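The same chain A turns up in both complexes below, where it pairs with chain B and then with chain C.
What follows is the complex of A and B.
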């Protein structure tokens, strides 16, 4: 009897490690066959397509490296933008360009920020295209301007503040080692070791959704799972959480839009 | 309109490795309540000559990826991959072996 009990305990101890190695194998396989590039191709068309009341493309959009400069832009976001006097991440800045360059209203540009497998959204395609230009660049979000520091501090606060029906914070799930949801290990997002590889591969194609997902979606979906109202697209809240995460991941090499389970 | 395709063909150890991405819903009969929508035929041509004619089913995932290893080949060979779905829509892409 004792031997059987020992065996059972041992099996339980080994299971998570085994599951993790299998999960890593699966991640590798999906990454090799990732349709991410297809989203980048459509994103390129949308980037160059004249749209909105002004009938212009986004090709002059300033993502922080100058008008129309895509190389390395995503890896250097979020950052402070003088023209709007606030911190913006890639999606917030794209929205800003749609409104200022193309003359579209916020309502119109945000009619459908999150798509689905049958019809991905414009923002998803564009974010794939923009992020694809930062492959090989080190993550270096803005950190010098007071507003950037403020955004980081706000993001950090939001990470630890408990809220909503279930009294959850981001840290409830992402605050300590060894937590899992089903097969997925939950990364400790206050630690650079875990956050680096993650921010280095978002936005990403998500196999379980068969479509491309943005960082804004990722953050909103966490809030939804916490049973907390989802933040407004491009809001200070989302930019701050993104700033906190990207600053934690600082220095990691951006590997391009990734592939998630 | 059919979504984009993307292909890469490279020489490796005397073989040509082809990797091609396709955009397609690949919807099963179950998902569509009896009106499946999927790629049926795939054709691979080298310099205009068919080398693979394949039939696939609705069991293949959305936005599928295929790789083929072709014997031989030389830099600059023209590889063409095309598909035909069960609604008669087609798409193709071309690349030179690098």
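What follows is the complex of A and C.
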């Protein structure tokens, strides 16, 4: 989480600096007791487990660095993949590998993309395992291919689209410095200084959900609260929003999976 | 609800959108969204249909030219339906609505009444500090501004359709979208204006 600036503290009418420092203490405590490692371990088992009609594991999945190469792969996503002629993020690519390597249908592989505290999803475990291999790598999403540029431009435009029953855009909540929703400070997601530390720690264990959450979920959940219909998992729209955020965060060192409020 | 003028203004706003390199047009973005979303629960696809207000605010990043904003605000003002009787409901009920963030989401029961979610963005009552700062503070609203008929009409109208007063306001149009009922908006009006409401203590 982004450290709060002095200016923002002064601007708050009711939230005293005391409450803010309590939040930071809480965030530090939760990070220290985070079960992220457990998710990475289960993810490793799932990565190596033969599954689907083809009864093979995901160990040959090409996340952009070559078949089976995990090191630094997550930090270099989203990127363009020639075999599908599309931009994909970590979860979209994992889904692609489930379908192509394991021979699973999209419907079956996406039956339960988002889990809960009682039963996290396969995708959540896998994303923890994959992302863990990018610790220490600088975020460097694809930016050279025309489709990567297109994805970034689409994401940037989507950020300002007023939509849904309640007329919100991403910028309605994440466009102005020093604002809070309830007691939670809102990061300005078009600004690298806010987006860097956030993207550097997703996916993450989320204390308020008592479970592990992914970027596809994070964006999906924003749209739910914006009162729109549901965005399709791994769609161009969701991946473009992720591309816009990750490109804005470019250069930050990945240190996730993190722990969030 | 949409006059010829609003449609024309919306189209004019679309034309304002800059076109550069790989950047998709606003119309293309809309088509991509319609392809990439699915209806779920009470959240149907019609919620992605942008009206002139949403189109204009999208195209101008919430900074519409003054003349256009005035015209569209006037159109929005016409959507406000005032009840025949008084505008002040029950402030106790209004308090519950202001502090409820439920309603209108795809995972929620559409039969249950929605909340206004006011506390997400507004400081409202000094007694409860778990409030956001996206919108202005509303503490002592009635005390500071009075609670005569004109103020009642303004508050009721602002909750019903915030875009009638500030075109690209971040605030939803609770009445126009059918999110809150006439009685709920009256209750909220009382919560902000009634002298006995905690807002005005």
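In this section, the second predicted complex is superposed on the first by the 245 of 261 C-alpha atoms of A that agree within 3 Å, B and C clash if a C-alpha of one lies under 4 Å from a C-alpha of the other, contacts with A are read in each partner's own complex, and residues count from 1 in each chain.
As a convention for this text, contacts are C-beta pairs under 8 Å (C-beta built on N, C-alpha and C of every residue); 3 or more make two chains touch, one makes a residue touch a chain.
From a predicted model like this one, the values you see are computed outputs, not experimental measurements.
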Answer with first, second, both or neither: which of chain B and chain C does A:193 touch in the superposed model? neither
Which touches a greater number of chain A residues, chain B or chain C? C
One more residue to check, A:41. First (chain B), second (chain C), both or neither? first
Which superposed partner A:111 touches (first chain B, second chain C, both, neither): neither
First (chain B), second (chain C), both or neither touched by A:238: second
Of the two partner chains, chain B (first) and chain C (second), which one does A:71 touch, if any: first, second, both, or neither? neither
Jot down the residues of chain A that show up as touching in both complexes, chain B in one and chain C in the other. none
Touching residues (chain side chain A, partner chain B) in the complex: 33-35, 37-38, 41-42, 117-118, 210
Show which residues of chain A lie in contact with chain C when the two form their complex. 11-15, 146, 149-150, 152-154, 156-158, 160-169, 171-173, 176, 178-183, 186, 223-225, 227-232, 235-238
How about chain C: which of its residues touch chain A in the complex? 21-24, 26, 29, 32-33, 35-40, 43-45, 47-48, 50, 53-54, 57-58, 61-62, 104-107, 119-121, 123, 126, 129-134, 137, 163, 168, 170, 172-173, 177, 179
Give every residue of chain B touching chain A within the complex, in rising order. 3-6, 21-23, 25, 61-63, 65
